[in-house]
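Pasting a structure here, questions to come.
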Amino acid sequence: MPNLTIEQLQQRIRDFASARDWDQFHSPKNLSMALIAEAAELIEHFQWLTQEQSRALPEDKLAEVSLELADIFIYLLRLSDKLGVDLMEVAARKIELNAEKYPADNVRGSAKKYTEY
Amino acid sequence: MPNLTIEQLQQRIRDFASARDWDQFHSPKNLSMALIAEAAELIEHFQWLTQEQSRALPEDKLAEVSLELADIFIYLLRLSDKLGVDLMEVAARKIELNAEKYPADNVRGSAKKYTEY
Amino acid sequence: MPNLTIEQLQQRIRDFASARDWDQFHSPKNLSMALIAEAAELIEHFQWLTQEQSRALPEDKLAEVSLELADIFIYLLRLSDKLGVDLMEVAARKIELNAEKYPADNVRGSAKKYTEY
Amino acid sequence: MPNLTIEQLQQRIRDFASARDWDQFHSPKNLSMALIAEAAELIEHFQWLTQEQSRALPEDKLAEVSLELADIFIYLLRLSDKLGVDLMEVAARKIELNAEKYPADNVRGSAKKYTEY
(Lines give C-alpha, C1' and ligand atoms only; values in the text may rest on other atoms or scores of the structure.)
Protein backbone atom coordinates (compact mmCIF):
# COMPACT_ATOMS: atom_id res chain seq x y z
CA MET A 1 0.00 0.00 0.00
CA PRO A 2 1.50 3.37 -0.98
CA ASN A 3 1.80 5.94 1.77
CA LEU A 4 -0.95 8.48 2.19
CA THR A 5 -0.22 12.16 1.71
CA ILE A 6 -0.21 14.63 4.59
CA GLU A 7 -3.59 15.92 3.41
CA GLN A 8 -5.03 12.41 3.33
CA LEU A 9 -3.79 11.74 6.84
CA GLN A 10 -5.34 14.98 8.02
CA GLN A 11 -8.63 14.02 6.37
CA ARG A 12 -8.61 10.67 8.18
CA ILE A 13 -7.98 12.34 11.52
CA ARG A 14 -10.74 14.85 10.76
CA ASP A 15 -13.16 12.01 9.99
CA PHE A 16 -12.05 10.11 13.07
CA ALA A 17 -12.74 13.07 15.38
CA SER A 18 -15.95 13.93 13.63
CA ALA A 19 -17.37 10.41 13.90
CA ARG A 20 -16.79 10.58 17.66
CA ASP A 21 -18.07 14.13 18.07
CA TRP A 22 -14.68 15.12 19.46
CA ASP A 23 -14.34 18.41 17.61
CA GLN A 24 -15.73 20.14 20.66
CA PHE A 25 -12.63 19.05 22.63
CA HIS A 26 -10.12 19.88 19.91
CA SER A 27 -9.38 23.53 20.58
CA PRO A 28 -5.77 24.45 19.75
CA LYS A 29 -5.19 24.96 23.48
CA ASN A 30 -6.34 21.42 24.31
CA LEU A 31 -4.50 19.91 21.36
CA SER A 32 -1.24 21.54 22.48
CA MET A 33 -1.73 19.75 25.81
CA ALA A 34 -2.44 16.40 24.15
CA LEU A 35 0.62 16.85 21.96
CA ILE A 36 2.98 17.47 24.87
CA ALA A 37 1.49 14.54 26.77
CA GLU A 38 2.45 12.30 23.82
CA ALA A 39 5.91 13.87 23.67
CA ALA A 40 6.28 12.90 27.32
CA GLU A 41 5.41 9.27 26.61
CA LEU A 42 8.36 9.31 24.25
CA ILE A 43 10.52 10.78 27.02
CA GLU A 44 9.51 7.94 29.32
CA HIS A 45 11.00 5.40 26.93
CA PHE A 46 14.35 7.18 27.00
CA GLN A 47 14.65 8.65 30.50
CA TRP A 48 16.69 5.88 32.12
CA LEU A 49 18.63 4.86 29.01
CA THR A 50 22.13 6.00 28.15
CA GLN A 51 22.51 7.84 24.86
CA GLU A 52 24.17 4.72 23.46
CA GLN A 53 21.21 2.55 24.47
CA SER A 54 18.83 5.04 22.87
CA ARG A 55 20.73 4.60 19.60
CA ALA A 56 20.32 0.81 19.66
CA LEU A 57 16.79 0.05 20.76
CA PRO A 58 15.70 -3.60 20.74
CA GLU A 59 13.02 -4.45 18.18
CA ASP A 60 10.04 -4.50 20.59
CA LYS A 61 11.04 -1.20 22.20
CA LEU A 62 11.49 0.40 18.77
CA ALA A 63 7.97 -0.71 17.81
CA GLU A 64 6.59 1.00 20.92
CA VAL A 65 8.60 4.15 20.28
CA SER A 66 7.35 4.24 16.67
CA LEU A 67 3.77 4.35 17.91
CA GLU A 68 4.62 7.26 20.21
CA LEU A 69 6.11 9.12 17.25
CA ALA A 70 2.87 8.43 15.40
CA ASP A 71 0.80 9.85 18.26
CA ILE A 72 2.85 13.03 18.30
CA PHE A 73 2.53 13.33 14.53
CA ILE A 74 -1.23 12.78 14.61
CA TYR A 75 -1.76 15.61 17.10
CA LEU A 76 0.66 17.82 15.18
CA LEU A 77 -1.31 17.20 11.97
CA ARG A 78 -4.58 17.81 13.77
CA LEU A 79 -3.40 21.05 15.33
CA SER A 80 -1.98 22.30 12.02
CA ASP A 81 -5.26 21.45 10.35
CA LYS A 82 -7.27 23.32 12.99
CA LEU A 83 -5.02 26.39 12.67
CA GLY A 84 -4.86 26.28 8.88
CA VAL A 85 -1.08 25.91 8.91
CA ASP A 86 0.70 24.15 6.02
CA LEU A 87 3.11 22.03 8.05
CA MET A 88 5.36 21.08 5.12
CA GLU A 89 5.69 24.66 3.90
CA VAL A 90 6.45 26.13 7.32
CA ALA A 91 8.97 23.37 8.11
CA ALA A 92 10.91 24.08 4.89
CA ARG A 93 10.83 27.78 5.72
CA LYS A 94 11.98 27.19 9.31
CA ILE A 95 14.95 25.14 8.14
CA GLU A 96 16.04 28.15 6.08
CA LEU A 97 15.63 30.45 9.07
CA ASN A 98 17.69 28.08 11.22
CA ALA A 99 20.45 28.09 8.62
CA GLU A 100 20.66 31.88 9.00
CA LYS A 101 20.53 31.78 12.79
CA TYR A 102 23.21 29.13 13.08
CA PRO A 103 25.82 29.73 10.35
CA ALA A 104 27.72 26.47 9.92
CA ASP A 105 31.13 28.10 10.25
CA ASN A 106 30.27 29.67 13.59
CA VAL A 107 28.66 26.79 15.38
CA ARG A 108 30.46 23.71 14.11
CA GLY A 109 30.69 21.06 16.81
CA SER A 110 29.05 23.23 19.45
CA ALA A 111 25.57 22.88 20.88
CA LYS A 112 25.46 26.32 22.47
CA LYS A 113 22.23 28.09 21.90
CA TYR A 114 22.36 30.62 19.08
CA THR A 115 21.75 33.49 21.50
CA GLU A 116 25.17 32.82 22.94
CA TYR A 117 26.90 33.64 19.66
CA MET B 1 7.55 26.62 -5.05
CA PRO B 2 6.05 23.16 -4.66
CA ASN B 3 6.26 21.59 -1.22
CA LEU B 4 9.12 19.25 -0.49
CA THR B 5 8.44 15.64 0.36
CA ILE B 6 8.99 14.22 3.84
CA GLU B 7 12.15 12.53 2.57
CA GLN B 8 13.46 15.78 1.11
CA LEU B 9 12.82 17.58 4.37
CA GLN B 10 14.65 14.85 6.26
CA GLN B 11 17.56 15.13 3.85
CA ARG B 12 17.77 18.88 4.45
CA ILE B 13 17.76 18.39 8.20
CA ARG B 14 20.43 15.70 7.83
CA ASP B 15 22.60 18.06 5.78
CA PHE B 16 21.98 20.87 8.23
CA ALA B 17 23.14 18.80 11.21
CA SER B 18 26.02 17.31 9.31
CA ALA B 19 27.38 20.70 8.16
CA ARG B 20 27.46 21.77 11.81
CA ASP B 21 28.89 18.50 13.13
CA TRP B 22 25.81 18.12 15.33
CA ASP B 23 25.27 14.42 14.74
CA GLN B 24 27.20 13.73 17.90
CA PHE B 25 24.47 15.50 19.92
CA HIS B 26 21.54 13.91 18.10
CA SER B 27 21.04 10.69 20.00
CA PRO B 28 17.37 9.66 20.16
CA LYS B 29 17.45 10.40 23.90
CA ASN B 30 18.62 13.98 23.32
CA LEU B 31 16.25 14.52 20.41
CA SER B 32 13.29 13.42 22.55
CA MET B 33 14.29 16.18 24.99
CA ALA B 34 14.61 18.79 22.23
CA LEU B 35 11.24 17.76 20.87
CA ILE B 36 9.41 18.17 24.19
CA ALA B 37 11.14 21.51 24.73
CA GLU B 38 9.63 22.70 21.44
CA ALA B 39 6.24 21.28 22.40
CA ALA B 40 6.48 23.37 25.55
CA GLU B 41 7.10 26.56 23.57
CA LEU B 42 3.79 25.84 21.90
CA ILE B 43 2.19 25.40 25.31
CA GLU B 44 3.50 28.81 26.36
CA HIS B 45 1.53 30.46 23.57
CA PHE B 46 -1.70 28.91 24.79
CA GLN B 47 -1.35 28.66 28.56
CA TRP B 48 -3.15 31.87 29.55
CA LEU B 49 -5.63 31.88 26.66
CA THR B 50 -9.17 30.61 26.83
CA GLN B 51 -10.08 27.83 24.43
CA GLU B 52 -12.03 30.37 22.41
CA GLN B 53 -9.02 32.67 22.14
CA SER B 54 -6.87 29.73 21.03
CA ARG B 55 -9.33 29.14 18.18
CA ALA B 56 -9.02 32.74 16.95
CA LEU B 57 -5.38 33.73 17.11
CA PRO B 58 -4.41 37.14 15.73
CA GLU B 59 -2.24 37.02 12.62
CA ASP B 60 1.10 37.76 14.32
CA LYS B 61 0.49 35.19 17.04
CA LEU B 62 -0.49 32.59 14.45
CA ALA B 63 2.78 33.23 12.61
CA GLU B 64 4.72 32.57 15.80
CA VAL B 65 2.72 29.46 16.57
CA SER B 66 3.35 28.18 13.03
CA LEU B 67 7.08 28.36 13.60
CA GLU B 68 6.71 26.38 16.83
CA LEU B 69 4.79 23.71 14.93
CA ALA B 70 7.64 23.67 12.42
CA ASP B 71 10.22 23.19 15.18
CA ILE B 72 8.30 20.24 16.61
CA PHE B 73 7.97 18.74 13.15
CA ILE B 74 11.67 19.18 12.40
CA TYR B 75 12.71 17.29 15.54
CA LEU B 76 10.05 14.64 14.86
CA LEU B 77 11.42 14.14 11.34
CA ARG B 78 14.96 14.05 12.65
CA LEU B 79 14.16 11.51 15.36
CA SER B 80 12.22 9.31 12.93
CA ASP B 81 15.15 9.47 10.53
CA LYS B 82 17.64 8.51 13.24
CA LEU B 83 15.46 5.57 14.32
CA GLY B 84 14.66 4.45 10.78
CA VAL B 85 10.91 4.92 11.35
CA ASP B 86 8.61 5.70 8.40
CA LEU B 87 6.53 8.43 10.01
CA MET B 88 3.78 8.45 7.37
CA GLU B 89 3.35 4.67 7.46
CA VAL B 90 3.24 4.40 11.24
CA ALA B 91 0.82 7.34 11.52
CA ALA B 92 -1.62 5.70 9.09
CA ARG B 93 -1.32 2.47 11.04
CA LYS B 94 -1.84 4.21 14.39
CA ILE B 95 -5.03 5.87 13.15
CA GLU B 96 -6.36 2.37 12.38
CA LEU B 97 -5.37 1.15 15.85
CA ASN B 98 -7.09 4.14 17.43
CA ALA B 99 -10.26 3.38 15.50
CA GLU B 100 -10.29 -0.08 17.10
CA LYS B 101 -9.50 1.21 20.57
CA TYR B 102 -12.19 3.89 20.47
CA PRO B 103 -15.20 2.52 18.59
CA ALA B 104 -17.23 5.52 17.46
CA ASP B 105 -20.50 4.21 18.88
CA ASN B 106 -19.03 3.77 22.36
CA VAL B 107 -17.20 7.03 22.82
CA ARG B 108 -19.29 9.57 20.95
CA GLY B 109 -19.12 12.96 22.63
CA SER B 110 -16.99 11.71 25.50
CA ALA B 111 -13.31 12.41 26.12
CA LYS B 112 -12.84 9.67 28.71
CA LYS B 113 -9.68 7.71 28.20
CA TYR B 114 -10.24 4.42 26.43
CA THR B 115 -9.13 2.46 29.49
CA GLU B 116 -12.25 3.68 31.23
CA TYR B 117 -14.52 1.91 28.76
CA MET C 1 1.30 12.44 62.22
CA PRO C 2 3.04 15.78 61.78
CA ASN C 3 4.39 16.58 58.34
CA LEU C 4 7.98 15.79 57.55
CA THR C 5 10.37 18.59 56.67
CA ILE C 6 11.78 19.06 53.18
CA GLU C 7 15.09 17.63 54.39
CA GLN C 8 13.37 14.56 55.86
CA LEU C 9 11.52 13.98 52.59
CA GLN C 10 14.77 14.27 50.68
CA GLN C 11 16.42 11.79 53.05
CA ARG C 12 13.58 9.29 52.47
CA ILE C 13 13.92 9.63 48.70
CA ARG C 14 17.68 9.22 49.02
CA ASP C 15 17.23 6.03 51.06
CA PHE C 16 14.59 4.78 48.63
CA ALA C 17 16.89 5.19 45.62
CA SER C 18 19.89 3.83 47.46
CA ALA C 19 18.09 0.66 48.61
CA ARG C 20 17.25 -0.04 44.96
CA ASP C 21 20.68 0.89 43.60
CA TRP C 22 19.03 3.55 41.46
CA ASP C 23 21.58 6.29 42.05
CA GLN C 24 23.29 5.24 38.84
CA PHE C 25 20.17 6.29 36.87
CA HIS C 26 19.62 9.55 38.74
CA SER C 27 21.79 11.96 36.81
CA PRO C 28 20.31 15.49 36.70
CA LYS C 29 19.73 14.98 32.97
CA ASN C 30 17.68 11.83 33.55
CA LEU C 31 15.82 13.33 36.50
CA SER C 32 14.81 16.34 34.40
CA MET C 33 13.24 13.86 31.97
CA ALA C 34 11.44 11.95 34.73
CA LEU C 35 10.17 15.25 36.14
CA ILE C 36 8.66 16.42 32.86
CA ALA C 37 7.11 13.00 32.29
CA GLU C 38 5.29 13.41 35.61
CA ALA C 39 4.27 16.96 34.71
CA ALA C 40 2.73 15.49 31.56
CA GLU C 41 0.66 13.01 33.56
CA LEU C 42 -0.82 16.04 35.27
CA ILE C 43 -1.53 17.59 31.87
CA GLU C 44 -3.39 14.44 30.83
CA HIS C 45 -5.87 14.92 33.66
CA PHE C 46 -6.69 18.43 32.47
CA GLN C 47 -6.33 18.33 28.69
CA TRP C 48 -9.97 17.76 27.76
CA LEU C 49 -11.48 19.67 30.68
CA THR C 50 -12.69 23.23 30.57
CA GLN C 51 -11.04 25.65 32.95
CA GLU C 52 -14.22 25.59 35.02
CA GLN C 53 -14.14 21.80 35.25
CA SER C 54 -10.50 21.94 36.31
CA ARG C 55 -11.51 24.19 39.20
CA ALA C 56 -14.13 21.72 40.46
CA LEU C 57 -12.62 18.24 40.24
CA PRO C 58 -14.68 15.36 41.63
CA GLU C 59 -13.21 13.70 44.73
CA ASP C 60 -11.71 10.65 42.97
CA LYS C 61 -10.11 12.75 40.24
CA LEU C 62 -8.66 15.12 42.83
CA ALA C 63 -7.11 12.14 44.63
CA GLU C 64 -5.42 11.05 41.40
CA VAL C 65 -4.23 14.58 40.64
CA SER C 66 -2.80 14.87 44.17
CA LEU C 67 -0.62 11.83 43.55
CA GLU C 68 0.66 13.37 40.31
CA LEU C 69 1.57 16.53 42.21
CA ALA C 70 3.41 14.30 44.67
CA ASP C 71 5.36 12.61 41.88
CA ILE C 72 6.45 15.96 40.46
CA PHE C 73 7.46 17.13 43.92
CA ILE C 74 9.44 13.95 44.61
CA TYR C 75 11.52 14.35 41.45
CA LEU C 76 11.94 18.06 42.13
CA LEU C 77 13.24 17.28 45.62
CA ARG C 78 15.51 14.56 44.27
CA LEU C 79 16.93 16.79 41.56
CA SER C 80 17.50 19.67 44.01
CA ASP C 81 19.22 17.25 46.37
CA LYS C 82 21.48 15.94 43.61
CA LEU C 83 22.40 19.48 42.55
CA GLY C 84 22.83 20.79 46.09
CA VAL C 85 20.13 23.42 45.57
CA ASP C 86 18.13 24.71 48.56
CA LEU C 87 14.67 24.65 47.01
CA MET C 88 12.97 26.77 49.67
CA GLU C 89 15.65 29.46 49.57
CA VAL C 90 15.75 29.74 45.79
CA ALA C 91 11.94 29.81 45.55
CA ALA C 92 11.73 32.71 48.01
CA ARG C 93 14.43 34.51 46.05
CA LYS C 94 12.70 33.87 42.71
CA ILE C 95 9.43 35.31 44.00
CA GLU C 96 11.34 38.52 44.77
CA LEU C 97 12.87 38.53 41.28
CA ASN C 98 9.43 38.02 39.73
CA ALA C 99 8.09 40.96 41.70
CA GLU C 100 10.74 43.16 40.07
CA LYS C 101 10.17 41.74 36.60
CA TYR C 102 6.41 42.17 36.76
CA PRO C 103 5.63 45.37 38.68
CA ALA C 104 2.04 45.09 39.85
CA ASP C 105 1.01 48.49 38.47
CA ASN C 106 2.24 47.62 34.97
CA VAL C 107 0.81 44.16 34.51
CA ARG C 108 -2.45 44.20 36.44
CA GLY C 109 -5.03 41.97 34.75
CA SER C 110 -2.75 41.09 31.84
CA ALA C 111 -0.99 37.79 31.20
CA LYS C 112 1.40 39.10 28.57
CA LYS C 113 4.90 37.86 29.03
CA TYR C 114 7.16 40.34 30.81
CA THR C 115 9.34 40.73 27.70
CA GLU C 116 6.44 42.41 26.01
CA TYR C 117 6.48 45.27 28.54
CA MET D 1 17.33 34.94 56.98
CA PRO D 2 15.67 31.68 57.99
CA ASN D 3 13.79 29.84 55.28
CA LEU D 4 10.09 30.43 54.92
CA THR D 5 7.66 27.56 55.41
CA ILE D 6 5.68 26.02 52.54
CA GLU D 7 2.60 27.85 53.79
CA GLN D 8 4.45 31.17 53.87
CA LEU D 9 5.70 30.65 50.32
CA GLN D 10 2.18 29.84 49.19
CA GLN D 11 0.91 32.99 50.88
CA ARG D 12 3.50 35.09 49.05
CA ILE D 13 2.55 33.56 45.72
CA ARG D 14 -1.11 34.16 46.52
CA ASP D 15 -0.40 37.82 47.32
CA PHE D 16 1.74 38.15 44.19
CA ALA D 17 -1.04 36.86 41.93
CA SER D 18 -3.70 38.83 43.72
CA ALA D 19 -1.81 42.14 43.45
CA ARG D 20 -1.63 41.59 39.68
CA ASP D 21 -5.22 40.40 39.31
CA TRP D 22 -3.90 37.14 37.89
CA ASP D 23 -6.25 34.81 39.77
CA GLN D 24 -8.48 34.84 36.74
CA PHE D 25 -5.74 33.10 34.71
CA HIS D 26 -4.79 30.61 37.41
CA SER D 27 -7.20 27.76 36.76
CA PRO D 28 -5.65 24.35 37.54
CA LYS D 29 -5.75 23.61 33.80
CA ASN D 30 -3.71 26.72 32.97
CA LEU D 31 -1.33 26.20 35.88
CA SER D 32 -0.60 22.64 34.72
CA MET D 33 0.45 24.16 31.38
CA ALA D 34 2.64 26.79 33.03
CA LEU D 35 4.24 24.11 35.19
CA ILE D 36 5.19 21.88 32.25
CA ALA D 37 6.52 24.90 30.36
CA GLU D 38 8.89 25.54 33.27
CA ALA D 39 9.84 21.84 33.39
CA ALA D 40 10.78 22.18 29.72
CA GLU D 41 13.08 25.12 30.43
CA LEU D 42 14.92 22.77 32.75
CA ILE D 43 15.07 20.18 29.95
CA GLU D 44 16.64 22.78 27.65
CA HIS D 45 19.58 23.16 30.00
CA PHE D 46 20.28 19.44 29.90
CA GLN D 47 19.28 18.32 26.39
CA TRP D 48 22.69 18.45 24.73
CA LEU D 49 24.74 17.54 27.81
CA THR D 50 26.01 14.09 28.63
CA GLN D 51 24.86 12.62 31.92
CA GLU D 52 28.34 13.25 33.28
CA GLN D 53 28.20 16.92 32.29
CA SER D 54 24.80 17.24 33.94
CA ARG D 55 26.37 16.00 37.19
CA ALA D 56 29.08 18.66 37.11
CA LEU D 57 27.45 21.93 36.05
CA PRO D 58 29.65 25.05 36.06
CA GLU D 59 28.67 27.64 38.65
CA ASP D 60 26.83 30.02 36.30
CA LYS D 61 24.83 27.20 34.70
CA LEU D 62 23.92 25.84 38.12
CA ALA D 63 22.62 29.27 39.11
CA GLU D 64 20.36 29.31 36.05
CA VAL D 65 19.16 25.77 36.68
CA SER D 66 18.37 26.67 40.29
CA LEU D 67 16.04 29.41 39.12
CA GLU D 68 14.27 26.95 36.82
CA LEU D 69 13.77 24.59 39.77
CA ALA D 70 12.33 27.54 41.66
CA ASP D 71 9.88 28.31 38.85
CA ILE D 72 8.66 24.71 38.80
CA PHE D 73 8.30 24.75 42.57
CA ILE D 74 6.38 28.04 42.53
CA TYR D 75 3.79 26.70 40.08
CA LEU D 76 3.61 23.42 41.98
CA LEU D 77 2.91 25.32 45.20
CA ARG D 78 0.37 27.52 43.46
CA LEU D 79 -1.46 24.57 41.90
CA SER D 80 -1.50 22.68 45.21
CA ASP D 81 -2.85 25.76 46.91
CA LYS D 82 -5.60 26.19 44.32
CA LEU D 83 -6.59 22.50 44.63
CA GLY D 84 -6.37 22.43 48.43
CA VAL D 85 -3.72 19.69 48.33
CA ASP D 86 -1.20 19.37 51.18
CA LEU D 87 1.93 18.82 49.12
CA MET D 88 4.13 17.64 52.00
CA GLU D 89 1.56 15.14 53.22
CA VAL D 90 0.82 13.66 49.81
CA ALA D 91 4.54 13.40 48.95
CA ALA D 92 5.24 11.44 52.14
CA ARG D 93 2.29 9.18 51.36
CA LYS D 94 3.42 8.68 47.75
CA ILE D 95 6.90 7.63 48.86
CA GLU D 96 5.24 4.90 50.94
CA LEU D 97 3.13 3.80 47.96
CA ASN D 98 6.24 3.68 45.75
CA ALA D 99 8.00 1.48 48.31
CA GLU D 100 5.16 -1.03 47.98
CA LYS D 101 5.08 -0.84 44.18
CA TYR D 102 8.83 -1.30 43.83
CA PRO D 103 10.03 -3.74 46.52
CA ALA D 104 13.77 -3.20 46.89
CA ASP D 105 14.64 -6.87 46.53
CA ASN D 106 12.81 -7.16 43.21
CA VAL D 107 14.02 -4.08 41.42
CA ARG D 108 17.58 -3.58 42.64
CA GLY D 109 19.75 -2.08 39.92
CA SER D 110 16.99 -2.12 37.32
CA ALA D 111 15.06 0.82 35.93
CA LYS D 112 12.31 -1.22 34.34
CA LYS D 113 8.90 0.19 34.94
CA TYR D 114 7.04 -1.51 37.79
CA THR D 115 4.37 -2.81 35.42
CA GLU D 116 7.01 -5.03 33.87
CA TYR D 117 7.51 -6.93 37.13
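As written, the chains take the letters A, B, C and D, and residue 1 is the first residue of each chain.
Just so it is clear, a contact is a pair of C-beta atoms (placed from the backbone, for glycine too) under 8 Å apart; a residue touches a chain by one contact, two chains touch by 3 or more.
Here the structure is a predicted model, which means the values were calculated and not measured.
In this structure, the chain pairs A-B and A-D differ in their number of contacting C-beta pairs, and the larger number is found at A-B. Centre to centre, using the average C-alpha position, chain A and chain D are separated by 25 Å.
In whole angstrom, the spacing between the mean C-alpha positions of chain A and chain B is 2. Counting partner chains per residue, chain A has residues 25, 30, 32-33, 36, 39-40, 43-44, 46, 48, 50-51, 111 touching two or more of them.
The touch graph of these protein chains is complete, with an edge between every pair of chains. Here chain D touches chain B in the complex through residues 25, 30, 33-34, 36-37, 39-41, 43-44, 46-48, going by the rule given at the top. By the touch criterion given at the top, residues 32-33, 36, 44, 48, 50-51, 111, 113 of chain C touch chain B in their complex. Per the touch definition, chain A reaches chain B in the complex via residues 3-4, 6, 9, 12-13, 16, 19-22, 24-25, 27-30, 32-33, 35-36, 39-40, 42-43, 45-46, 49-55, 57, 62, 65-67, 69-74, 76-77, 79-80, 82-83, 85-95, 97-99, 102, 104, 107-109, 111.
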